[in-house]
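Letters A, B and C mark the chains as written, and numbering starts fresh at 1 in each.
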């Protein structure tokens, strides 16, 4: 974190979290729900806790902000031992997001976001500015949404407000408990992209519980795979978990198509794009066709004055035209630099060209991505992850337990 | 968004119609009653019993019984209901609700008479009986209202660092308000109705007109009493509905 | 002890009063259920009539039972008639409200598919809609039962049948022998009857609610 400004817009220093031999034993149950877990959450990273239901991942998360009090062990936030400080005070320093946002239906969007800043005694002016800033951060127009009530928002919008509320007092840590579990797949994908974008900006330490392995691969810098009793089966990068699952338990959990899941790991911006012959509306079609033939390409990309793709005619289509029309073709395969390779592959498969046009954030054309490039990326990331060393791996073990080898109990 | 907002608006106007019609009907019946008193061929005894001063006095007694009992019910049953939803008491809450439900089956008239035998024939015996009788709906709805608050909201509030007290005041109680208010309205209507029975233990009220009417066979006096009590109950019910309408937190339908 | 002796001495009388009380309530409830279901059937299709029915039900419940008894003594005199009318009137209200809500809650798709396979309006109502709405209607019946047990006690003022007589006779013999015992018998008797009837209604639910729509606890 080179940024150390803690202004309203800036990011506060994110903190490493360390669970040290933490156990949760519920009275009347013979087995502990969480069994002597030692887990390091590196600062500024997204760590995903995944595992089957009832494996103790949510309990582990809730012990970080002490919604559930640990029976044994210590919890450190940054350099501070927070095991015994007042739980309410601790929670005001950690954002907390749950399914459907957990928004209070009797408060407006603004009032929901303002709760923690108010408890921290911020001035009205500062709170108001912060609310607007956060709404903008989560892509909701402040003037339009500030005074709405939660039920006047869609599920996705509610979830965004939930994230904004958790970020309100700029806490160094964000805890998310299956936040996107209740929305439809398309909205979920958008919210995930949004979270990644926000994280680029705010660089929080995020602990995220999910039962969806694809979500874990897409969002996580690190993934912790749990089995029952919060036993850590594997704590690794998504790449390595996909390539070298530690046990058959992890393999089963990944499910089929590990190779394809790799595509979720890489973004279009990470791979090399092919160049393409471009043209503009009004040009003679023959001239463009000549350039296409010279370059040995099959298609030309027609761009408007802002370099936004309009259409993508083939050689045959060009030969039938006289001048290039300005009409946009809604069916051209388009992806952005931020799309995952998996999304890009989906888009390509439905287009006849076996490739897709890539645009940047301002929707200007930057290049073409092809199926070959995608396949190459899979191979490359496999090799890379095999060679990566263990130096930077955070700690994650269970103490006082017999390691269960690959067994689902 | 407009399709989301429309139904609420529709509910709003329907609710408004009800809120306007009810007092209008009350006023209309009251006016008809007054005209009937003026024009009707009342016998001398009837006229003596139904003089405006006495009518006001009976109404006053009735209202006094109602308000004192209601105040005690609210002051007692709401905090008790809240307390029974707090963690140390959750276990006993089921038992207490069952007992209270059971007690609710007791006929109001029996309760009034028993308490009078015990505490004497007085205003306060009547108040105690009314309080016992009407506490249940308030108690029950307070508990049901708070228990009905989505647990995830409570957890969400705790997760943001609100203290338990703050969660109660800012999340649980505001969200329980609609259910609680409807319990309070039910209790008030019960109290107004049951206060009629206070006449049997010498605590006055509009019930006196009914018993007098029966005992002396003065049908008009009897009907007047019954009508006034019914109107009073409707009025209190209406006031309750108005309060419910305005106190319901915005953002809840 | 005195209470015990009182009960033993008057057992026949108490038994008879209880039976009459119970019988008054049950007969009125049956009548009320039929009336409420017929009205609900007529109004539930129209939002306007439904809201009128709900309004009548809500406002009706605010009328004090003692006031209604008083008014009915004038045209009907003392005795059984005003008691039955009052008890039935109050019993109809909660059942009506629940019946309307229950019928409106029946999935339209189910009704349409019943009509679609050629069931008539009445047959659909009897074999599809009422059975599906029955759990909610029965809840209304239970609420009514509990309420009118107490109402029936008040109707004793109009010299109606039942346990209310014990309460009023105790009151009228204030300070006399066995006055308080008489009231106790009336009050406790009504509570016990209410409990018995509620259990019977729960049992009725077990027998009549189709297994497929029973709410799992």
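Remarks
Everything below uses one rule, namely that a contact is a pair of C-beta atoms (placed from the backbone, for glycine too) under 8 Å apart; a residue touches a chain by one contact, two chains touch by 3 or more.
This is a predicted model, so every value here is computed, not measured.
Taken as a graph of touching chains, this assembly forms an open line, each chain in contact only with its neighbours along the path.
A summary of chain positions shows that the Cα centroid lying nearest the centre of all protein Cα atoms is that of chain B. When chain pairs are compared by their number of contacting C-beta pairs, B-C comes first. Of all chains, the one whose mean C-alpha position sits at the greatest distance from that of subunit C is A. Distance between subunit B and subunit C, defined via averaged C-alpha coordinates, is recorded as 21 Å. With centres defined as mean CA coordinates, subunit C is found 59 Å away from subunit A.
Averaged C-alpha coordinates give centres for subunit A and subunit B that are 54 Å from one another. Shared interface positions of subunit B, i.e. residues touching 2 or more other chains, are not present.
Residues of subunit B that touch subunit C in their complex: 14, 18, 22, 102-111, 113-114, 117, 189, 192-194, 196-197, 200, 207, 210, 213-214, 219, 222-223, 225-227, 229-230, 233-234, 236-237. The residues of subunit C lying in touch with subunit B in their complex are 51, 55, 58-59, 61-68, 70-71, 73-74, 146, 149-150, 153-154, 157, 164, 167-168, 170-171, 174, 179-180, 183-184, 186-187, 190-191, 194-195. Residues of subunit B that touch subunit A in their complex: 1, 4-5, 152-153, 155-163, 166, 171, 174-175, 249-253. Looking at the complex, you find that subunit A touches subunit B at residues 65, 67, 88-94, 96, 98-100, 102-108, 115-116, 119, 149-152, 165-166, 175.
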